[in-house]
Amino acid sequence: MRNIGDVLKQNLMKREVIISLVILLVLTYLAISYGLSIIFSTIIIFSIFSIVTLSLNLEVGHTGISQFGRVIAVIAGAFVVGAIPGRILAFLYGLPFGLEYADDSVNYKVVPLIHKILEKNIALALGFFLFCLVLAGLSGALIGWLTSRPAIRLSEAYLGISLLAFGDFFMWVGHNWEPLVGGTTAVFIPDPFRIVWGYRMQAVAFTFLAIAVLVYLFIERITKSPFGRTLKMLRDSPLVSRVYGKNIVKIRTQSLVIGSAIAAIGGALYVIYTGTCTAIGFTRLTWTFWPWAYMMLGGIGSNIGMVLGVLVLTVLRTLIILYRKSVFGFLLLWGIDPIWLEYTLLGLVIIFIVLFMPYGLVPEKTETVLPSGRIKAILESVRKQSSQTPENGLKSSLRLKK
Amino acid sequence: MLNIKNLYSGYIKLKILFDINLEVPTREITVVVGPNGAGKTTLLNSIMGIATVFAGEIILDGIRLKNAPPYKVAQLGISYVPQMGNVFADLTLRENLMMAGYMLSKEELKNKTDQVLDMFPVLKGFIQRKAGTLSGGERRMLAIAMGLMRKPKVMLLDELSTDLAPLITKRVMESIARLRDELGITILLVEQMAKRALEIGDKAYLLVSGEIKYSGKASDLLHHPELSKLYLGIKEVE
Amino acid sequence: MFPPWLAGGLVYASALSLTAGGITLLYITTRTFNFAHAGMATFGFYITYIFYSFRGGNLYQYLPLSFLFGSLLGIICYIGLNRPLLRRQASIVTLMMSTLGYDLILLSIIQMLCDYLSYTFKLYPRRVTMSAYDFKMFGTSAASIISPIIAITILTLLHLFLTRTKFGTSMRATIENPILASASGINSDKVYLMSWVIGGGMAALGGAVMSLTMTGTPVMGMTLIAQMFAGAILGGLESIYGGILGGFIVGLAEYVGIYYLAVMVGPWVLGYRMALPLLIMVITLLLFPRGLAGIQWSYLMKSIKRARKGVKS
């Protein structure tokens, strides 16, 4: 085991800074070559997936739950926003709001009418937006609570598979049950950003990024708090936790509720951004596996690593989409669409991480409760003390056993 | 025959043994005794490649064994009879012996099986039954029989006397002594029931909390006034 | 001989039994939940499809080729991915994630293969109805008779392999007690390699059989992976026979069950067919965690025998 000195050194964020700088350079280059809209859409996607991945990290990295059903909470947020807020507005303004709201022949007429109302009324638009988020958060929390019931009794891989299967199931329900979110034909989401007319991209990017930052700060707060430390203890030594009287069931449930609420908000943001809610778009690939890849690349258990992972891979994916014709265009000679390489990339990334970087870009650090300055001071004073005591006397109590 | 130098070992990250120095001379019974949790099984596991060796050397007749996979160690002539999980419960007795003699040719397998069953005639009646249906003592016998199948140079025996009545323990120890005398097998014997083991042993080591606290002749340890009482619970020695 | 709903169900169930058996085998030997089963199954289907499209004849003759290709995919997975991780004593979740990565690569290759086939050879590999190339036998589709026979044959061959051969017995020994097996001189590396050969082969064979009743698509395996796992879980993840039986039951329950529900309440239920295997899986996990393997078969047999004797006298 390393000693305190090494731990303190490691907590400096050299690696993260370098990677962030590289990414910034790439983004600048892209902005210059392709215009700013690329940057904005990247920021939006980055924000949404950061939120989802941070929620995943809370459950997997900090609490040790095999959350292979992340898509469930995202769907909860997305579907709820697709099904309810629009209907409420429709009801308030005398438009059809019942089961027929989601019917494709009705929906595409109703929503533009709602837009006309939202355009003029900034308070309403803001209220609508916040209402969507709150609603999503609540439904996510509910889903999290429901998920916690099996999570208590099943372990590891079994839990993972069950959650995975449930994720698929909910997607199919949304796909088949038309009144919910239009089944196969999707439902339009009233757009609260209509107010900002020509600057929608920028407004959305700015808002979403702000929300992502808030989520990040919130999660940092939680994980560095006593609650967060309890989570880690639970993850590493469940038996010891029980001995210390920690209620494992309650704490895991709390973690799942918070995580799912956050993920649901991410789902809500996504449908608000795209303006539609299509059930079939919520595949496990996009909303469970990609977040897992982001998390693994970033380093399970590290919040800043999470963000870095999302950043790196989002930019990589954007690059692939942009350059697929030029770099991989040769594949078209055989009729092969280079878009499939995105799957290959994801597969290779996962395999690479698993084999060569199991701890990710930012390995989980040994947490220090006190700031590093104070720890150094304590070390110094103890060393001075022990050098003054007789030979077979005190051993420094801070010397960690090798 | 078997030399262990400055061994530090454990399981993945858990450290159990510290700076172990041990010699198992050829054709002798070397006994390792010590209280519960001392690391005796870990010592055997380290030799077999089941536990992780962090530092130090394990040398068998000049061949280095550090972290070699168990089947390679077995192929070099070391036969391990563990304390738990020492038979294949789902397999029949015959299949168990077949697995123990995995590296033997068909003829050798047949000869050895007959030989071993002659040594333990009780097992003959159960040859087609699943090993899991045997009683504890019978399982122990099967485990020893399996250990013998490979014509081992060295046998590592882990707490063979556990759960056995004292009289039977005496008999088991006597047969182990016979393995050394008649078959010339080198034996490393790990025991908690120290007295009987030390009576047949040549050399002895006392292992406490992962460290060797005593090494010397087995009879000396048996009669040692302090250590035998302190760690081994030996009250009187005849 | 069989009504069409049962015929399709038998093929579907046989295919699932093969794949679930493979998943169980891989889990009990290497502790790996093989996600790549999806890709291997789909590959199995495409191998049969490609050979049939180019050489024609009886499509059943290409099934063994699918098996072999699946074995090859399994070998690659073991040597490149699974073995290094096993040596590091990776966790179950890590092992599962690694097969997920492999599956995604397989999926991308399949998609690109489909692109290539449609462009160069003017085929339509993205929606294939292999059942159209099947023939009739005793008044029902040949598949409905041959598929269960294939499943039973594989089951029998496995049984003989595991009980009558030295290597097969060493596999059973390694499954039960890998440490003791290794200490006895059994090379676990060979055992694990063989389980990937068999498991991969069974996955591919299952995929090929599945295409005889379901529409073959590039994502066929991915769509069915949950059912495959459900079958393995029902089987109890302790013995291959449990997995094979579990897969068969899940398959039959889903196919026949949803048919009956559709008849009773209307065709709208068909979209929710996933609910049935999901239900089975959840019930098994929460109420009977050891699945079919938890049932004391020998005890059951003895009770039946005793009851019979009682009736007679």
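Here the chain labels run A, B and C in written order, and each chain numbers its own residues starting at 1.
Operating definition for what follows: a contact is a pair of C-beta atoms (placed from the backbone, for glycine too) under 8 Å apart; a residue touches a chain by one contact, two chains touch by 3 or more.
What you see is a predicted model, and the numbers here were worked out from it, not measured in a lab.
Because contacts link the chains only in sequence, without closing, their graph is best described as a line. By number of C-beta pairs in contact, chains A-C lead all other pairings. The most distant chain from chain C is B, comparing centres defined as mean Cα coordinates. Of all the chains shown, the one with its CA centroid nearest the global CA centroid is C. Chain geometry summary: the mean Cα position of chain B and that of chain C are 43 Å apart.
Distance between chain centres (mean CA atoms), chain A to chain C: 34 Å.
Work out the mean CA point of chain A and of chain B, and you get 53 Å between them. For chain A, the set of residues that touch two or more other chains is empty. None of the residues of chain B touches two or more other chains.
Interface of chain C with chain A (complex): residues 33, 81, 84-85, 90-94, 96-98, 100-109, 111-112, 115-116, 118-120, 226, 229-230, 233, 268, 271-272, 274-275, 277-278, 281-282, 285-286. On the side of chain B, the complex with chain C involves touching residues 12, 48-50, 69-71, 73-75, 80, 82, 85-91, 95, 98-100, 102-103, 146, 150. Touching chain C in their complex are the following residues of chain A: 66, 150, 153-154, 156-158, 160-162, 164-166, 168-169, 172-173, 175-177, 289, 292, 296, 331, 334-337, 340-344, 346-351, 354-355, 358.
Across the complex, chain C meets chain B through its residues 89, 166, 169-170, 172-173, 176-177, 179-188.
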